[in-house]
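Below: the structure, in structure tokens.
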Amino acid sequence: MSSSFGTLFRVSTFGESHCKAVGVIIDGCPPGLELTEADIQPQLNRRRPGQSVLSTDRQEADQVVILSGTENGRTLGTPIALQVANKDQRPHDYGDMQDVPRPSHADYTYQKKYGIRASSGGGRSSARETIGTVASGAIAAKILKKKCDIDIIAWVSSVGEIDSVPPNANTITREMVDASLIRCPDQAAAQKMELCVAGLKQEGDSVGGTISCVIRNVPAGLGEPTFEKLEAKLAQAMLAIPATKGFEIGSGFAGTRLRGSQHNDSFVQKSGRLGTETNRSGGIQGGISNGEPIILRIAFKPPATIALPQKSVDFSGKSVVLEAKGRHDPCVVPRAVPIVEGMAALVILDMMLRQEARKALQFK
Amino acid sequence: MSSSFGTLFRVSTFGESHCKAVGVIIDGCPPGLELTEADIQPQLNRRRPGQSVLSTDRQEADQVVILSGTENGRTLGTPIALQVANKDQRPHDYGDMQDVPRPSHADYTYQKKYGIRASSGGGRSSARETIGTVASGAIAAKILKKKCDIDIIAWVSSVGEIDSVPPNANTITREMVDASLIRCPDQAAAQKMELCVAGLKQEGDSVGGTISCVIRNVPAGLGEPTFEKLEAKLAQAMLAIPATKGFEIGSGFAGTRLRGSQHNDSFVQKSGRLGTETNRSGGIQGGISNGEPIILRIAFKPPATIALPQKSVDFSGKSVVLEAKGRHDPCVVPRAVPIVEGMAALVILDMMLRQEARKALQFK
Amino acid sequence: MSSSFGTLFRVSTFGESHCKAVGVIIDGCPPGLELTEADIQPQLNRRRPGQSVLSTDRQEADQVVILSGTENGRTLGTPIALQVANKDQRPHDYGDMQDVPRPSHADYTYQKKYGIRASSGGGRSSARETIGTVASGAIAAKILKKKCDIDIIAWVSSVGEIDSVPPNANTITREMVDASLIRCPDQAAAQKMELCVAGLKQEGDSVGGTISCVIRNVPAGLGEPTFEKLEAKLAQAMLAIPATKGFEIGSGFAGTRLRGSQHNDSFVQKSGRLGTETNRSGGIQGGISNGEPIILRIAFKPPATIALPQKSVDFSGKSVVLEAKGRHDPCVVPRAVPIVEGMAALVILDMMLRQEARKALQFK
Amino acid sequence: MSSSFGTLFRVSTFGESHCKAVGVIIDGCPPGLELTEADIQPQLNRRRPGQSVLSTDRQEADQVVILSGTENGRTLGTPIALQVANKDQRPHDYGDMQDVPRPSHADYTYQKKYGIRASSGGGRSSARETIGTVASGAIAAKILKKKCDIDIIAWVSSVGEIDSVPPNANTITREMVDASLIRCPDQAAAQKMELCVAGLKQEGDSVGGTISCVIRNVPAGLGEPTFEKLEAKLAQAMLAIPATKGFEIGSGFAGTRLRGSQHNDSFVQKSGRLGTETNRSGGIQGGISNGEPIILRIAFKPPATIALPQKSVDFSGKSVVLEAKGRHDPCVVPRAVPIVEGMAALVILDMMLRQEARKALQFK
């Protein structure tokens, strides 16, 4: 296990799908910040199961409680412990799967790694673990907004074969994203995506998708070369989200097909600073932010849990046919939008703290 | 700066493009390993500039010296310091660019981050920094091969618009990769790639490409969920390589277009263990290796340094036209193959050490 | 804040004196361990306030709850979250001290560091924070006992001017320690100490003391030179306990007065291993355990909270006379015994995990 | 091995007593600092062997070279690699001791830990490893002096049974310390100490001693509770120095004998800030600096290498009589003074960087 992330703004999460509670400790939160549960709950609501007809029918309120680290609604600079109770602490939906590792789940690998695993749900590999990321990310995002006016906006950019027209990264808002249940700001594509997902829910199948994310107003200078380049930590953060299979920054894989003379971002004078005419770099050069919007794209595989029968073998190698009985999401991307935003906020705030330390003791 | 990587097998690199030397300290290398410079030099040779007509004409021998940590050709378990002298310690090729941040280089961001930057070459952002990764990765790879018969093989899978037929991941060898200068095992594609790169060198332009990598014989159980999932650390490692813009594991972005019923990897009985019939998971499930080959793909942008004139502005915002005079690579992917292999080895060995600690104190 | 400790067995604590709860996450606990609250509560009981006439009259039950990381009474290898509710969440005993930093408390330094501080009690600097250490230390100690038969026994060795005769470090037991309320196994000294402490409680004054600790059956080879020598991590751990002012290993300060010919520990053959005739090294040589008992001594200052009036100034610099109204311990050492044991267990287990990783990949 | 120290100003050392070189990488040094070898060499000269009749007759020039991280005499913010060549790379003085672990050395424990050890000298456990600490500490101290006027002064406070009168901690200077070869500012005591050490050198014996250290002008607010309290990191740093057996902060062990009413440091108004009338806290309260001088004391055991014959056993358990032939220090404390200063500087600067990060993002 390595359930901690960050150097100066450091989060440590805990909890399995069916234990008493899941949560997170945030160590290194700046003191004096106004903070109550109301700052955190909205992003948890965007993540919670049962929020729309497109997601699982399983309902969890996911109410967050602040246990420590604040007084009279302000942070003390001490560790902030956040907790969300698990409603279903020991369900039986998954019982008969105990001897059979579910295809493309973590049952097999957890068993091999630990010699034991949670008897129901995904245990620690469940997406419930991301509650800690979303909750702590909401705090990080509030700090970034108040101190630097930084915006972090993620949206669904594709579902299965349905691609969407990219929004203007400079003006996209969370409201525009949430205008559709699927969280895609291209309304025409959103309709198709929603139909696709609703159909798959009926069929008992699932589908993958991609999420794009823009981080605006990041000052130039964030990122810690060489091994903690800004894009490297963002890549780690995004690939730590369950079900992710790929990561792109700026021009990504498409950029590999271009020539340097086509790909280079020329510098131009912008209001009060140098900027770049194009942004194929995705806001990062040499591992360090350059002041342009940071643009990411993340690949999510189709959820492994489907209601259709699947051939597999049990742990002893005997052939079986599996049929899942739980209630699951046919497509994770709408609920993963706040997770991507949370991870991005954790990375940016940690890097900002590290750069502030450097600036404070820099010699002219 | 964050020039260290790894928890138990921890490397710390140093050096700029034109200082006295570049190098690396390896802390946590298992004791008793037979080790001399001859174990390390071959991978450095595959990385060094001037090795073929396809790369820069700049020549560097990049001879490694072991300064500490071994005696009589065996490791002591103490830090191993490796060093490569810089031949050109203060060249003048880059001199007139001092006031002009080169497009899509790190000149601008280093200046903003540190308030100062190396006056020539890329300084710390130069690919010379990767010598430490390649050298330490060669040691990690030797340990993985001797202890677990693990193979790590990377190859060029595309150059610009030229894609190649994927090799058999179970049988591809380093010799098959090195059969072409471009390091693509599909000989037909390799020829086209080499022509393309040679042409761009003439033109003074550059092109991007992708590298694929397979890691074979990894035991099930490696990876530290949640924030240090195996794919998350591999993603960080690969995005820490200069010029990378994307990362995929297993089915990657293409997998997002599939349904769960198409994407899931069914378990089957293999010789003495469970395996999967297909490998869209890319050898990792829930952040933990499952015993199948780990398959990665990494995107490299076209090198930013080109000989063609480019419009830009200087630090004061005044328009200029830049013409690079240095000798540079038209395409980095052939030389980046050992860097990808090195990074992969560092991640896998560190995860193996962490899992061995767990296994040793596990209760049955 | 840096509320985490350990590399592979890593604990992260949270909580102030008067927030909703205090607790700890343990990341990296070996899987398969039988574990319930009953394994943890006894050490918390030895630490809790109000346990005897010698300690504060304030009562806290300090009942621990396991929130995550176990199933059916066995650890899953996932993070274990432990929580103890605070009974008094917002008391008013301390109210009128808000403007006056209490002498030799952390009021002043917390205010300077964070620009804000908890309005009552010690906030994060309260000894309630040590609940996380004691609880996680109890788990570490259980693992060490089951895997290696390691015993960790601490006892009060002095109170004020009252010194005690050292027990036989090879045979001292927790029962012998707990035979007196003051937790000193020298019964004659214990009586004097108890009289002294009872008298000071009456007077409203306090007194310091020392705790000694032996760690038996530690295998040779633990400790990570150079900066994480075994004694260095033990020193950090012990000085992280509130109210500590000094640390000794083996011969300590007294050893500085000896000659090498008097101080050196000669090697002798012991049953099946080399051992040393004397143990001035305190079980550690060159930062690494040598198989002999590890012997520590820790200095605790007199508690800063006393009922006697004290001259001081308020934050604005105006002279005041302070009189504490809370209920406090006249001497912390009896209650600090399980804290010392907990810290020692955390250090030893973490070092054991790190050494096991090395041994697993060592070459012969 | 764990040869790194620090979070934001992070040093990683390498080297054994008889390999090619010893050195250190400093990651996180603030950019723009004027820095050449001349800033580092003086402290290395105070540490080097053969500097006076009181130390070993072995001569090493210990000339430091900066390999990376600076240009035109200023730091770039990139890793600074420092190197000192070993003059004697494979001596034979120690050859016949190979089968016999020297009493109170690290031969036995290194062999048990690593299954192999350096064949001569102390290998990694040699005090040559401290060159990295002294060199990097000199840089840290320069930054602390230039940015905050912080002074770090250590001196020998006792040798064997010879105690000295404590100097005025507010006015003691490095010149006053270096006025005697033994580095004790109490001249009467210094004479006795020097006679004692010279006599023991003749006899082939050794003796222990203590070093005291004051750190002046540290701003209030440094230290990261709970596990990285300022005194806890100082304790770790000091116990990581070879041959140390104890650590005290402020009143130390003597303070345990006092009552709270005697020990508490009353606050008083000082010029522009609150201060304390007495300083039994040693400049730290609750793990955080309070603005008063930080006062430490460190215990050093007598050097284990003596010329007198000693009874021991070889690795097979056979009795032998050892007679050391190398040239060694009869007392390490004079040469350890710059090591203590270096360690202190590393801790304080790292803590200052961490606090600056917090202050930059604090909310009012």
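A few remarks follow.
First chain written, first letter: the chains are A, B, C and D, and each begins at residue 1.
Assume contacts are C-beta pairs under 8 Å (C-beta built on N, C-alpha and C of every residue); 3 or more make two chains touch, one makes a residue touch a chain.
None of these values were measured; they are calculated from a predicted model.
Listed here as common contacts of chain A and chain D: B, C.
Although chain C and chain D carry the same sequence, what matters here is overlap: shared residue numbers make up over half of all numbers found at their interface. Taking the mean of the C-alpha atoms as each chain's centre, chain B and chain C sit 45 Å apart.
Averaging C-alpha coordinates per chain places the centre of chain A 26 Å away from that of chain B. Chain centres here are Cα means. That of chain B falls 39 Å from that of chain D. Counting partners per residue, chain D has 1-4, 7, 13, 28, 31-32, 74-75, 77, 113-115, 124, 358, 362, 364 as the residues that reach two or more other chains. Across the complex, chain C is touched by residues 7-8, 28, 30-34, 74-75, 77, 143, 146-147, 352-354, 356-364 of chain B.
Against chain C, the residues of chain A that register as touching in their complex are 1-4, 10, 12-16, 19-23, 25, 27-28, 31-32, 65-72, 74-81, 83, 113-119, 123-124. Here chain D touches chain C in the complex through residues 1-5, 7, 13, 101, 103-106, 108-110, 112-115, 122, 124-125, 129, 158, 160-161, 200, 205-210, 220-229, 231-240, 242, 244-253, 255-269, 274, 276, 280-282, 284-291, 299-306, 308, 310-313, 315, 317, 355, 358, 362, 364, going by the rule given at the top.
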